[in-house]
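All chains are identified by letter, namely A, B, C, D and E, in their written order; residue positions are counted from 1 within each chain.
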């Protein structure tokens, strides 16, 4: 997959061009054409308490084979650009056209929707790459004994630990139903938010230090980028609370009471994620203020130096100027004590000004 | 239609003069008189799953012909200045006087109202023209098998894709009822908001770059205009969420359960529109801060240059002044080393000051 | 009525002295004494679909005559200072002492209260006079077939259009009940808010222009006064939404279903009034920021001029000073090329500094 | 009572040391010991429609005498430091230990609590003394036919008007029950808030004037103190709305329907108090901004003067310096027109700079 | 316990690395390994109205002995790093795996959760050490007749007063159930927040004084740290209100009606804690503003001194420069009054400038 393509997924503040504006709702169009679009990869994991099976599908029609199995199935679709595949899956598993349209538009707002015989969850998977935050949409369809996940791109998910656990026979995940699998995936994504927040936390700590020790205009610019990133992050993270709370409150009979207990836990995590994001916002605002204040302090210091030096020398320079005049009749110039007296006056002025500044606490 | 007239529709922060203040409620008055007011154009589209018919009406009374047809009718009225026409339509289709009054006042707040046998929706259509954002009111009346739309001006809507779809026989829109048509229109308008936000997003990106590379007072003014535009935009966009949510929650029997599912989708879009607007507001605020800070940085730099130059030369200029005095008795002047010694002292002063500034990190 | 008295009614940010603090609740005291208090004027309009009658009462006891009439009565009391009159009306029409106390305290918060057999509404009538905004309290009592209004002052209301309409035989207002009259009055007051907002809007537009073209410290002061006025305005306008919404939601049997439909319309107007006020607040805040920034820009420009001139001339003045020294032994002075060389050096310094400033984009 | 003690009651932003932290809840400890603690004074007023009796109790046990009287009793305890007395009263009238603990902790948050057979209200009485705002806790216990009030200090309440009214035979207060007495006390306290707000309003008006006419750093400090005071005030006033609203909504059978009508009135007052406080906060914020802006304006003016004078004289001083040099070969010096020409050049420079400044609108 | 370890517990703004991200939910992992982790200490207190017994357990399995006792048991576990112990306790007392996972993750958000046969509360214990605020997680499990508390570290709790009370025979705590013990612990923790707020209050008062008397850049930095601390504090304190309110509202049958009354009291305390925190935030913001303003004032003063001195001497220095020129033909130089006249002119200039500055109120 071209690196160029990944870069396009950088956490965006500005929406993508909405090409499917004015398409009839429920129409699937292909968003990324030919050369850059990666291939779609479909992996099916089928398991129950005693068996485990993993297949990479070559042909989307092979999905049908799994349709009537009593085991729990996880169909993971990586790449949503081939709308034919998405449409086909929709047909096989009886998914509403509107849901499919949302699946292929990667600018979906995180949300949970309950349909007659399936539940849909849209979330943003966040990961850091090259110290930039990337965002990728994950759509989770939960049906009876079935979880279908659609990822925007191939191979970027954080689900390997779940796959490992699925392979082990005695773990809870093998004994519980498809709803527990869906919960595990959502939990996994929310946990990944903590990792992102940690990275941001580290960068904030660095900035904090920079700000105290040696603030430069670059510090300000970094703060501004930080703020922009936080605004974008917030758009992905805020709806999560509502999302999980509506899962909890939903009367969907796909989610058992037992699993709902686990969602209560994810709900707390999502609250913590949001609270941390808000703390960071407050912190960045505080840092901006501190930067402005220390700029102001610096300016004050610069001005003081200028003022002290100017104020001390300008009057005495004037006196020297006076006795540099070429008037014929200037009695002081003739006096043998004139020069010494002038020095005395000049020194007196300079010393009194120094005392004055010391009194004003400028020195 | 005169271009002058369009200009008047620019997204306004300040309300129009309310000429019909103190008119009895429910009285229709003509807002725009004679010469500038464009003609009203009425187009009726009548369709069902198998037939499609489009008529431009010359006479408003021809509307009556469609009243008892079982097909679905879309009566699109472009131009609301001829209140006689609006009143006539109201009479034919039995619309409440208050609703009609709202139709002809183009400063209506976006809202949804459910009456006994019809539902009314007021929205703002936004479009960009000559890099200014224009706003036009659209009123949608939904009755049994009937949609009436009132547009402020002729030929500015974004409904052509819907008209195209209506002409094709096999599409959903032909099979569904009038409520689906109403939904399609509303969806179309909300989608147009994304286009506006995109344009604003582009201008923000330009400003962002300008701000980092070379901020000028013009940048500030652009930011200020941006902010004003956002305040005005917000007034049009914020009520949309409430509007659509009240459509969803309404127990109107004009909207079928199926269509309500589609409205849930529009609701999510409206949330995204609002969140994006809010992000932009935050962003503009952040840009303002950055501008102020970089002004402050620049000032600091200017002050430093002034201070360094002044501080280095003022003391030595004073020394030169001293030996420019014309006192008779100045022993230093007689000394052959006086001149060299003076230079040495002056250079020593200048160098120590340079070292001092270097230590203060001003250089 | 003395103009001095009107001035006292200017929209206040600071509450009146509460003289009736520590009076037993429900006690009526006379707020304005003797010389400045205008007389109270009582006008009764009695009408039904077929008849119309208007009387100016000389004696408050004449009110009793209207008590048992089946026609709709509007008793308009202008001036609330003569508490004896207010008390008498209260007795005749059986109004609770607390309601009457509220009627005569002109600092009432806008509110709607439903009593056993009457409803009370308190609102602020706003009008502009001499480019200041004045506020006057209006209390509306709605009973069966009866509306009583108490105005603080004589002859300042905006109800003339209603009076005109009442005189015409075929209008809705003559056919509907007392609740429709109450609605018409409230609608009239809310409409007047739009006029006030328009005036403020115009002043804001003027300020906006002033701010862009030539901001002065007076602009700032005007902005500050604008802000103060908006804070005061907000206190009058904000409670209106709640007020009208509680009229709508009230189960008062004095207001018919038909009239409630009209109140929904007023509710939308009140929302628009509030949103416009909020937009203006945002706008004033934005203008303040712009003012501060343009001050900062100006300062920058001033500093640049100072720095450029000082920095260019201070070093060369020093050089001139050096060769103005009177040392006996100064070889340069003897050289025939000394003067020219000095000029060359000085010009070189000045030109390099100019180039440096050009590079820094200060020129 | 020592004045020193009163001073301690100044409206606090910082909480008292909580000495009874780690005491078992419900334990009464003596907060103020020996020498500074004033004596506790207990006054009992017993009345019904026809009789009135006022006793100052010497011994707390005498309270018991009133326990079974059918008249309405108001036991007013001034001074809460002698916990033995508070405890004794609690025992006689059967008050929960937690309530008593709250009574003697003067840092209670304003609140209303309904117990089985009594209601408790905690409020802050505010009064101004020596242009500082003081706060004192008042606890009101309402039982059947009984009101007990605990004041922190002797003789500082605002209840004299109520006492006066109680003495008069024909007033409502004598005919209504204990709940009306409780209402009267609460109304009295809320009315006192208006007096405080008025004083603050006056000080704000003074500051406002000072700010426009001659702002000094002292103005800023006063604004800051104002802000601090408002933060403290807010903590006392904000909970009042909730408090009174929970009285209104409470299903306590101690408060009759009639009296609840009066509480609706107090509720409106509390809303007005809160809105006024908020307006003042906004106003102080606006004043701070104005102060900062006028500082900035002043600085601009100072800088302009400096820049104009420096810029005009620095170049010409340089020219004078040049012709003060002592080079042997300086042809200009020999010319008879040299001096005049130099003056001409210098004047030309000065005049062009003045024109430049005039053009820039700096003059 | 190593002091280094304590330092790690400093109130954090940035989350710990979440090592157990990607662990299956409900898995217990050991967070702190080998050398730094302190030992876990388990103390069991068993009591009823007549007996009291305190045991330090060596072996976690000894817990089982207490399982079926009818007395009230308080099992206090200090140190949560040995997950084996936590797991064991969970097994013995039948605690859900998710609860145990929360117990050992010290970054839990304060929350209350009600399970089938036990209630869980997570809170932050705050204490000050070396003028830094430390935070430690406390988990409280309330079962029938049983309270289990898990503290992060040994020997840092504030529960000694409770232990003292438990030892005394006649106190309420001995007669009431386990729910009262749980309440006492929670009350104790909330009371400790007041102590922390008091310390912060003292530091704010110091800063306030520093700010008024002699603000330095260090003051600003202290304010900034204060702000950071407050942001972190807020994260610990805010959820407390919700927590206690959900205890109050919970229909857990483990908490008796009597004890719920006590929780109402804690609820008020938590409101006061939150309101105080918010006041402090406002105050710090106000202090920041004041600091910025006084910086601005100082700068103004510095600029004024510079401007006055420069402006007075620059013009007269120019005049002195003029008469220092060496032109052959300068008639003034020959005049016997030239020198005196020049002085007169120079003094006149200086005096007029002084008058000008006095008029401008700069002096």
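By definition in this document, a residue touches a chain if its C-beta (ideal position, glycine included) is under 8 Å from a C-beta of that chain, and two chains touch if they have at least 3 such contacts.
In this text the structure is predicted, and so the values were computed from the model without any measurement.
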Report summary line: Taking shared numbers over all numbers used, above half giving same and below half different, the chain B and chain C interface sides are different
Report task. Quick one: report the Å distance separating chain B from chain D, using the average Cα coordinate of each chain. Result -> 42
Query raised in the report: If you average the CA atoms of chain D and of chain E, how far apart do the two points sit, in angstrom?
Result: 26
Query raised in the report: Which residues belonging to chain C are in contact with no fewer than two other chains?
Result: 292, 296, 299, 303, 306, 310, 314, 317, 321, 324-326, 330
Query raised in the report: Among line, ring, star, complete and other, which one matches the pattern of chain touches?
Result: ring
Report summary line: Circling from chain A by way of chain E, one passes the chains A, E, D, C, B
Report task. Quick one: which bits of chain C touch chain B in the complex? Just the residue numbers, please. Result -> 158, 160-161, 165, 171-173, 184, 187-188, 191-192, 194-195, 197-198, 201-202, 204-205, 212, 261-262, 264-265, 268, 271-272, 275-276, 279, 282-283, 286, 289-290, 292-294, 296-297, 299-300, 303-304, 306-307, 310-311, 314-315, 317-318, 321-322, 324-330, 361-362
Query raised in the report: Tell me, which parts of chain C touch chain D in their complex?
Result: 13-15, 17-18, 21-26, 96, 98, 102, 107-109, 111, 113, 214, 217, 220-221, 224, 227-228, 231-232, 234-235, 238, 288, 291-292, 295-296, 298-299, 302-303, 305-306, 309-310, 313-314, 316-317, 320-321, 323-326, 330, 332-336, 338-339, 342, 346
